[in-house]
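Structures follow.
Look at the two complexes coming up: subunit A is in both, with subunit B in one and subunit C in the other.
== the complex of A and B ==
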């Protein structure tokens, strides 16, 4: 029996309305019109990235079916053109910096770099070769992962794949500069990847003194490291970075953080979920990763807020969300449930502790920008000691009116494995909502995900 | 109305295509009237249709008489013939509730996974835990052992019950236990004692799942491995619980639960009349 294939496409009937919405401006001063975006999404992208248009398989990264959410189309455009923009920026001397999740991106952009989390590095690496269908994309990702595993260990977290992509020069990354925050105990694997003599690219590791929070010297310590980080990036970008430069960047990124908070609050306030799980889950990523371009991404967030407000006011529901959908809050890093299969099972994803954390703290805009950043970083709720993190998560579960809590972590993630049960128990105790946790071994995979989907579906049936 | 007319009028089915075996149960008017059990083939959809036909044949009713079908198990993703799909976790709970309404805890050991399930008085799941990506504590694990001992899978239980002592196993990994077993045989240890040790190792593995969801009597043991008397005894000893005696093939529990859900849905949608 052949696997059934369904190809997603944007319907021509929405074109006229979409091209009225205006185009996007980018950080390098270039612009693209809505008509050009439409042309890309309907002609060029299906040819270059057919995997993204596969609507039949268990693709976690598939495009949203909500074609009338036009800001969502622009987000898809940003995602699918990320590769082109990164190569162009790199060719123009903009340093690409590999970072870790749970960070503020302000110092990286202020210093003239483009920071990328491992997930985006992997997306970039897998998209280097074009024309791949979903299975071929999976195979390409697995090939890179095995390069990393051969150097480190089969027990290494799958994120080692992103570092293998860098170490093997599949994508040109100029600096490895993550915060060593507690979310990822497998950081040692990642650092190990770059210790080999053949990888000469510079590294700058930002220490994260989680056990020293609340002490007067901790913010000074982190602030000093951030000064060093900015200098390291500026050496590569050859950009002069003053305190005022960083202050302006903080103002810009606070705007994104505020927009994300407002959109999330709007979504939570609605009787009917105004965006489906795929679109809603993209919001915190947009506001904290910017798909490599804050300027264009803030425009998409602004348009998202406008469209969500309209939908909330008129009781419009996101495409794919079931009537009386069960509400699932997701905990954990790096992996999450397949949004499409969650909705098929009659539920909707209402929040995620990891990515909501980064947007939940606004950075002070006056005074020493490095110290302000340090204070913000040290108060990200997801990076706090486990009980405090669980308390914050319980509040999010209440605010989002979730019916259940799903904790997911990747096989090999020692840290999330160890705190998952404790967080689930505390959240269950404080909210009275059922919780479960699921270990998966498929980070970055798009096929053979039935094992984890089965557990998620059973949990949804239970709630 | 004759019995035959009643059956043809109000018949539903549950189909459970698992990793190793496919099962189907036919219910008429809320009562079991037929069932089928075949090995899972390579084509989930064909296997599902085939086991359904086996069950229909045993019930003596035509395919056209079916008012509702619920599919479960890993093969449910290829079940276009079904009205609805439900995970096997919910189906085992409903199946156990159908047979024993007093049951509040289920141990399910299938071909490639094991589960601890807690349920309420209506057969709804209230909590569950599954093994992660490891074959220890599954039917496949026992298949490997039956190969080592050169005995039929269904004879492993009697073999373990003839043990005069239990050999403690130091591993839970299927491959390591296999090599450990070969070393024990070479040392002259009795196969019965080794097998009893393996059953206890699996039971210990299962008890870890219950540390997450809790345990409350009565306990029902479902899935193909529940036919293994040695395994039943080991679980009862390790968990210190009473396991209810099966009155219906425990391997069919998931399919039975699927049929029970099919019956409930068919009645709710007006396709069948409540008994």
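== the complex of A and C ==
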């Protein structure tokens, strides 16, 4: 007997209010009205991307139940239209660039490209075929993951899937040009795998010199490489990039970073969490990754701030958050717990060292923009020597009033796991909060994730 | 030492080297008493020339093959780190061997990032004093070279402060000359052992290389020179029939002192290891040219040599690591390649498929072996190596060999 999936729907009762919020403007000058967004979210997207509307499964990427948070609907729109926008941009000659998570995107957009972290590359690749339910989507993703594992190694973390998607031309990525060595040791080796039998695709690396603190020459080194990066992208985009172009992009992206900081501070200040974990965790992602479009994303962040301020002022709690929810701070590599299952267990996610780090540093807007960018990325707290990083994390744990710290990592992540215990011990010593480790072995899967969910729930039970 | 690869005539200097190694911990303890600093180093880019010129005692840290140390290390670092890293954390934490209790400082370069993490972990948990030397990933770019020069200057200044000594041109020059002679001698030994009637096996050369991790470098050079002189006087073993054993070249992750599982299996099954490009083997002694007695020249020399696999290089057609590997295979007349990767050693593991493809196309049979320091995989590895050597033997027969 086939089991009928529970399907998520935006209720008609919110339509009129949502329409009042207006549409979105995109970086290429195009616009979409609120009516069109509504039509897409309620008619077109459920048909094309049924997996996103699966309300019964443990999808880590499921849509938020908080349908009254309208900026959240617009975020969903950006996420679900990413595929169309990327293909359109690529067809119009905009280079699509595969990058690393957690890095600054200013030089990429300034040079006329669209940067995508491995997670977004995979989302794009899985969505190439439409009409898939969650199980079919999983199968499609795992097939790509296995291609990567067969070619490269089973010991790689799940970002190997994104590299396989590029190598197998499932998505048209024009350039592979990440920063290296910040947060991840796999990235450099994975980029290198593209050199064999893939000569036609350009590649460029921006080295991140570890052991960087207090040394002026590390900024010189990174700045020089950022200049090279911009030239490499501009070769493809045919865009003339001056220092002023980059300065303007820094100003634009600082807006996003500032907004994210302000929203997080507002959220933390509230007695009751004004957004649920899914919506709250989307904020640093939006401010750092832009879902392929900074212009529209900044609008969504601006509207988010307004709505959060309103909710804080009126004591409105995010949908799905339990009363007196236990507060969990997440550390570790580029994976987080399933927000819905965390809330089901009576907790709420209050912070994440990874994404918060890259939004926590504003780039100086006057002077040499390359040097300013270099100085900013070299001071990201998550990328500092581990003892300094742990001190910053402890401060975040205190500010977010967390009850416990969850250190999560993907199978195969040896750079972050190596300091998992050390960070947890330092944070525990400085805050007195308990911590636990969870290794996520169910790479790329949304089903059968009980192993990690059980551990998260047991930890919540304990705190 | 279990081995089917033996030489009938033994060089007496080998025993002298072994004896010197026995005596070495006491010598180092005495040097410490005299005020010399003992600096352990890890990875690939720490220039011993600087340590020697600052009158420090350099020790290349790290042993392998001990499962118990792996377990101890994993309590502090992660089970997702390679066994060498876990084992060294265990070693540095336990301090039960002859050398780690003598260390005043741990100098680590950041070529392998797992080893960089190791330094952070042992500093925090076991209170080691550490000095980190950054290594550029963009090592072929001018800005990468400039960064490394600056980084080595900063590293040198840190060590000067730590040792209380000033680096002088004269001392640096002596150290550069000393190490150049050691490298030259080791390269010669590698070439010598690969000859048909050599009185030294690869395994013995590997043992000599590892002895050099600990011995006083000047004394080590004297012993090497004595060995070279002795080898010239030894009679050729006419009973030996060359070509009976498949000539195996070892590439991939490092094999540290004590990690003999794979070596034993290959030799027990009748393979003759005739060369390697391991960074605990020949690789560290190849192609370093230091043009002047300056820190900058050292930086340039170290950076220009065959790169560590942890440093990415994007143009395969000009990759000097692959080029050097092919050269060594020709030079040592290799008939087969065994690529050894430690579990979770990403730089080598991720490259293994590509290397296999390239070497297969160049006509070399290639076997990829993943190991840990556990004994549980011995039989599985034995089966694979046995089948591989059988295949190589058959291939040699077909090609008109023995």
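To be clear about the criterion, the second predicted complex is superposed on the first by the 451 of 463 C-alpha atoms of A that agree within 3 Å, B and C clash if a C-alpha of one lies under 4 Å from a C-alpha of the other, contacts with A are read in each partner's own complex, and residues count from 1 in each chain.
Definition applied: a contact is a pair of C-beta atoms (placed from the backbone, for glycine too) under 8 Å apart; a residue touches a chain by one contact, two chains touch by 3 or more.
As the structure is a computational prediction, the values presented were derived from the model and not from experiment.
K.L.:
May I ask you to decide whether A:387 touches subunit B, subunit C, both, or neither, giving the answer as first, second, both or neither?
P.N.:
second
K.L.:
Under the stated touch criterion, which partner chain does A:217 make contact with: subunit B (first), subunit C (second), both, or neither?
P.N.:
The answer is second: A:217 touches subunit C but not subunit B.
K.L.:
Does the superposition put A:441 against subunit B (first), subunit C (second), both, or neither?
P.N.:
After superposing on A, A:441 lies in contact with subunit B but is clear of subunit C.
K.L.:
For A:420, decide between first (touching subunit B), second (touching subunit C), both and neither.
P.N.:
The answer is second: A:420 touches subunit C but not subunit B.
K.L.:
Give the label of whichever partner, subunit B or subunit C, reaches more residues of subunit A.
P.N.:
After superposition, C is the partner touching more of subunit A.
K.L.:
Look at A:461 in the shared chain and tell me whether it touches subunit B only, subunit C only, both, or neither; answer first, second, both or neither.
P.N.:
first
K.L.:
Determine, under the contact definition given at the top, whether A:451 touches first (subunit B), second (subunit C), both, or neither.
P.N.:
first
K.L.:
First (subunit B), second (subunit C), both or neither: which does A:254 touch?
P.N.:
neither
K.L.:
Would you mind listing the overlap between the subunit B footprint and the subunit C footprint on subunit A?
P.N.:
Shared contact residues on subunit A: 411, 421, 439.
K.L.:
Name, in rising order, each residue of subunit A that touches subunit C in their complex.
P.N.:
Against subunit C, the touching part of subunit A is residues 151-153, 155-156, 180-181, 185-186, 188-196, 199, 203, 205-207, 209-212, 215, 217-218, 220-221, 224-225, 228, 385-387, 409, 411-415, 417-422, 426, 439.
K.L.:
For a test of understanding, state which residues of subunit A touch subunit B in their complex under the given definition.
P.N.:
Counting only subunit A, the residues touching subunit B are 1, 411, 421, 434, 436, 439, 441, 450-451, 454-455, 457-459, 461-462.
K.L.:
Within their complex, state which residues of subunit B touch subunit A.
P.N.:
43, 45-46, 74, 77-78, 86-90, 124-130, 132-133, 212
K.L.:
What does subunit C use to touch subunit A in their complex?
P.N.:
Interface residues on the subunit C side: 75-82, 85, 110, 113-114, 116-118, 120-121, 124-125, 132-134, 136-138, 141, 143-144, 146-147, 150-151, 154, 310-316, 319, 343-344, 346-347, 349-354, 357-358.
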